[in-house]
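Naming follows writing order (A, B, C and D), and every chain is counted from residue 1.
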Amino acid sequence: MAQNFPQIDPSMLLEQMLLIRAYEEAIVAGSAAGAVPGTCTSVGQEAAAVGVVNALAAEDLILTNHRSAGHLLARGADPGRLLAEVMGREGGYCGGRSGSLHIAVKELGVVLTSTIVGGELAMAPGVALSRSMLGLPGIVVCFFGDGAACEGRFHESLNLAALWNLPVLYVCENNHWQAFVHRREAMSREHVSDWAASYGIPAQTIDGNDVLAVLAAAQTATEQVRTSGRPYLLEVLTYRTRGHFEPDDQAYVDREELAAWLARDPIKLLGDRLVADGSMTASGHARLADKVATRICAAHAFADASPYPNADTLTRDVYA
Amino acid sequence: MAQNFPQIDPSMLLEQMLLIRAYEEAIVAGSAAGAVPGTCTSVGQEAAAVGVVNALAAEDLILTNHRSAGHLLARGADPGRLLAEVMGREGGYCGGRSGSLHIAVKELGVVLTSTIVGGELAMAPGVALSRSMLGLPGIVVCFFGDGAACEGRFHESLNLAALWNLPVLYVCENNHWQAFVHRREAMSREHVSDWAASYGIPAQTIDGNDVLAVLAAAQTATEQVRTSGRPYLLEVLTYRTRGHFEPDDQAYVDREELAAWLARDPIKLLGDRLVADGSMTASGHARLADKVATRICAAHAFADASPYPNADTLTRDVYA
Amino acid sequence: MPILTLYDAVGAALTEEMRRDRTVMAFGEGIATKRHELVSEFGALRVRNTPLAEGIIAGTAVGAAATGLRPVIDLLFAPFLCYAMDELVNSAGKLRYMSGGQWSFPLVTLAMTGAGWGVGAQHNHNVEAWFVHSPGLKVVMPSTPADAKGLLKAAIRDDNPVLFFLDIGLLHEPGEVPDTEATIPLGTAAVRREGHDVTLVSYGKTVHNCLRAADELAAAGVSAEVVDLRSLKPLDMPTVLASVAKTGRLVVVHEANRLCGVGAEIAAVVAEEAFASLKAPIARLGGPDAPVAASYPLEQAFVPQAAAIAAAAERLCRRQYA
Amino acid sequence: MPILTLYDAVGAALTEEMRRDRTVMAFGEGIATKRHELVSEFGALRVRNTPLAEGIIAGTAVGAAATGLRPVIDLLFAPFLCYAMDELVNSAGKLRYMSGGQWSFPLVTLAMTGAGWGVGAQHNHNVEAWFVHSPGLKVVMPSTPADAKGLLKAAIRDDNPVLFFLDIGLLHEPGEVPDTEATIPLGTAAVRREGHDVTLVSYGKTVHNCLRAADELAAAGVSAEVVDLRSLKPLDMPTVLASVAKTGRLVVVHEANRLCGVGAEIAAVVAEEAFASLKAPIARLGGPDAPVAASYPLEQAFVPQAAAIAAAAERLCRRQYA
């Protein structure tokens, strides 16, 4: 069935991916220098975030996890407020309380974030339930990793969403790693999408390093969730090309597997394609990179200037 | 592949089912009279327990749950010590500490019992792991309900058993009820065995009210676990024909569904068959019933005579 | 005033609050079956049976609470909370704070607890202190049907996650319950009996044991004041401290295991803030460091009974302490 | 003596115990990657990475422990214990008792806890008191590498389930560690510094804050005794009571939330059993009723620091109490 999805300018997708990469690299550098706390970067996985988030409508809600910078930036988060949050500053989206691991941004519809692996999966049906009980528009997108699919909550979540007809798009970023454990050591099956069928939930596994493929699949998936009011699972195959949490020497990573995925870097893939098909010049590409670098510079300046929270706010916002 | 399984006398299976039924009915009566605490009876599900347990070897280990009388009696537990346990007496298998819900009998290889639904599923891989690490003989059989299959632990357990090649026979007694919730309200799929495939675990769904069918399937399944060293899932379709926990008026139960299953009562099915095919006379059947009644009478006498634990043993056996 | 059991008082509170506020809904393993009158009045969407999976029940409530609903979930017996700890503790209790106050989580979790059913430690384990210890949660445990109704109404209206424990031993005890809109603010203890020699502080079923002990003590010439905490967080320490300031003697009583229980907290606060008024050591009666056996006499022996409470109080009053 | 970090002292204990006893095995999310030397020595069957699923890791350990193995599991950060509560509390803690003593559960659960990494409340939440409150479990939290090694060796040999907490803030601190077979019995506190005016009781990283406070106090003419609990269950109350009998003053300090923490238990026991020797109120310093923020200054502000401890102790010593 052909759908009419809004046209999205691929160069905008490229710019978003460049921004995410530059943001993560700034954190890596800052963290190596001891100026920024370590984080779980999304380097290598930019296409998954950008492809899915650009398929969403403004009223859609997002749940995410510890590896969320891509989701947040693709959704339009300000890199300065993100960086400030990572650095524990009052100007961060959560006033520095979250740090990098549980950033939520209500104004962008990024509703709940848990760094407890599986936490996002547990909360997602409820966010969709409030949509359906209150007659509110929008579907719910829940990002999670292949590791999260090993937690029983994954299954409980799918079962309930299927049973209660909840409009949740489950997006598994299968990046081959669960911290220091390869998915082969942790999953008795190859694909997370196989499990969806056992709940009667439609699913698709796609190449997560091709942002246009991700976008197309996500547009189909969101449309299906929107019209059916029922869950869908998209498994986005990609690779965590940096370590689990900065710094990480990746000594435990198979060099060949890593090299193969690095050769399919999502930014390079799209950049090469746009230059090859003539829709972008090399200098146009460079201009995007410059623009992004300027934004990251400004972000750093903002974050650096933002003060630490005052210790007398230690118990603010515990209770409503 | 034809296997040579030990011949088992069907009249012995009938006797075991009669014993279980008589035991449960004695509890129901005692509990209506206020002399025995309420329990989760296995009435209607006798064939599942008897069929599976008779397929086991002496060295096999069993994990079970709150609805365990059938498993225990089929394994040879003494009804007197069981009843004493239910009544909280010192002569019970657990000195009255368990009551009906978590009876374990080490001497019979009934190793761990949890009334936390899912608890048995969580512990089963570990029992199999100790077999394989210590080179001990025997496979591990884990009984659980359709409700337990809704807990995420079910999935975590299957995933680990598949991944680590653990010799566990998972036996789901799908009795259509999860306390006061029908499985239709709780499961997005019809069969628990569907999930096994998503872990690469072989599985079969069988008629759980035909004890000979259960026995045959369980013999094949145990043989496969024993030779492959890998898990297998047997789903035994049956029905909880009494309430969840005595007393229970079953007002919430669909009369037609119940009647249909009552018409296929496992004891009646086998009894009729044995009489019809001439392998048992009506009076032979009656003699079995008498024998069983005598045992239950003796059991009651034993349990009644067993003292309550002394309050000064309140903190005995907390720590090793 | 109508006479209701505690179980029915909970039903009355649910009914009134669901009438008042269409965002209140209830779900759990069998709640639509066991409280079918709620389904009849509010429909099958607002009152739902769930799959047998406490974690996703709680997680769903947390997600729904953050985004516009006021769920009440029934997790049946307190030990089953073990399957929902992440959702209650790490999500509901922390995500408001960690998000810099972006969300609130108005949800109520019901759980039955304590002795009275003779089914052993996997159904009978008083874990309320876990949630007092954990930040961002409120904890309530009523001792009468009227309190159950008034506190549950307040809990449903509260914008924070509330753990609401129902004492199994009290569930079918009848009591007068107002049929009015009366709510009881969380964090207010009740002085159940006034006295001037010794303060007995408790909650749940052991409040009644304290009242019986106070009768025995009165017969022995000792005047005991009985404080029913009702809320365990917020904890109404001003009421406790005022009572101890008057009596100079304190006995804390609960069924939960003594070690690190709510009684420890109360004793510690009193030892810090009312030291000067203490005339005697603080006595603390609680469950031993043991699971609860199913066997009836052991189940009963686990719970501090009136005679032991009276004996402890009398000891404090009779002996001279340097 | 060799100098090791606490992290490496844990590795040394694991190595020695796995050499001693072939039934000891270790598994967890990444333990085979991060402690690869154990895989090299003992093979991939005895040291295993697991799926990301704390519940089944713990459940598998419980099942294995009951039937002949001595598993050590690494559940990473303390808040992740929330996913394993049923297996630890309802199974490991209760099934020995409920089966009338048929089983024992020799298993050790490792978890990191406390401030020091700046990653917020879903990684930093001190929940050790939950397990002290729950029956059938032992709880340990060392403050030095040597203790970590000796206590872990004892924990592995113990026939009961032991929760073994590693303070993140101490993990990479070096210290002398005996390379002998020395085990430290669970349930023995250590007097880290002798003194006669006031007793400071703590465990984990705040022991070091107490020692710093004792230095400050000494400079101000106050002699403080510092007791490091090491085991939280069994709790070595005789050592605490003996110290309070001598000093007459007690400050209890920990990082965990104050409400219903281990400090409450200690204060309550002292208020009951050492009342006559108390010359001042019992002071208790602990975390506030709040999750821990990621932001460094807030993370630090959460933890009782030496200055606050010294101030509390001095107040007890200087003021006259009726």
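Note that contacts are C-beta pairs under 8 Å (C-beta built on N, C-alpha and C of every residue); 3 or more make two chains touch, one makes a residue touch a chain.
Owing to the predicted nature of the structure, the values given are computational and were not obtained by experimental measurement.
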Legend entry - Neighbouring chains shared between chain B and chain C, ordered by label: A, D
Inset, instruction - Identify the chain pair with more contacting C-beta pairs: A-D or A-C. - result: A-C
Legend entry - Where chain A and chain D are represented by their mean Cα positions, the distance between them in whole Å: 36
Inset, instruction - State, to the nearest whole Å, the distance from the C-alpha centre of chain B to the C-alpha centre of chain D. - result: 41
Legend entry - Rounded Å distance, chain C centre to chain D centre (Cα mean): 29
Inset, instruction - At least two other chains touched by the same residue of chain D: list those residues. - result: 50-51, 53, 55-56, 79, 82-83, 86, 90, 97-98, 120, 122, 135-136, 288-291, 293-294
Legend entry - Shared interface positions of chain B, touching two or more other chains: 95-98, 102, 114, 116, 118-119, 150-153, 156, 159, 163, 185-187, 318
Legend entry - Chain-level touch network, classified as line, ring, star, complete or other: complete
Inset, instruction - Spell out the residues on chain C that touch chain D in their complex, using ranges where they run on. - result: 79, 81-83, 85-86, 89-90, 93-94, 97-98, 120-122, 125, 127, 129-130, 132-136, 233, 235, 252, 256-257, 259-265, 267-268, 270-273, 275-276, 278, 280-284, 288-291, 293-294, 321-322
Inset, instruction - Would you pull the chain C residues touching chain A in the complex into a rising list? - result: 23, 25, 45-46, 48, 50-51, 53, 55-56, 58-69, 71, 86-87, 90-91, 95-106, 135-136, 138, 158-160
Inset, instruction - Sort out for me which residues of chain A touch chain C in the complex. - result: 61, 63, 92-98, 102, 104, 106, 111-114, 116, 118-119, 121-131, 133-134, 136, 152-153, 156-157, 159-160, 163-164, 316-320
Legend entry - Footprint of chain B on chain C - complex, ascending: 29-30, 33-34, 36, 49-53, 55-56, 79-80, 82-83, 118-120, 122-123, 288-291, 293-298, 301-302
Legend entry - Residues on chain A engaged by chain D in the complex (per definition of touch): 37, 88-89, 95-102, 114-119, 147-148, 150-152, 178-181, 185-187, 252, 308-309, 311, 313-315, 318
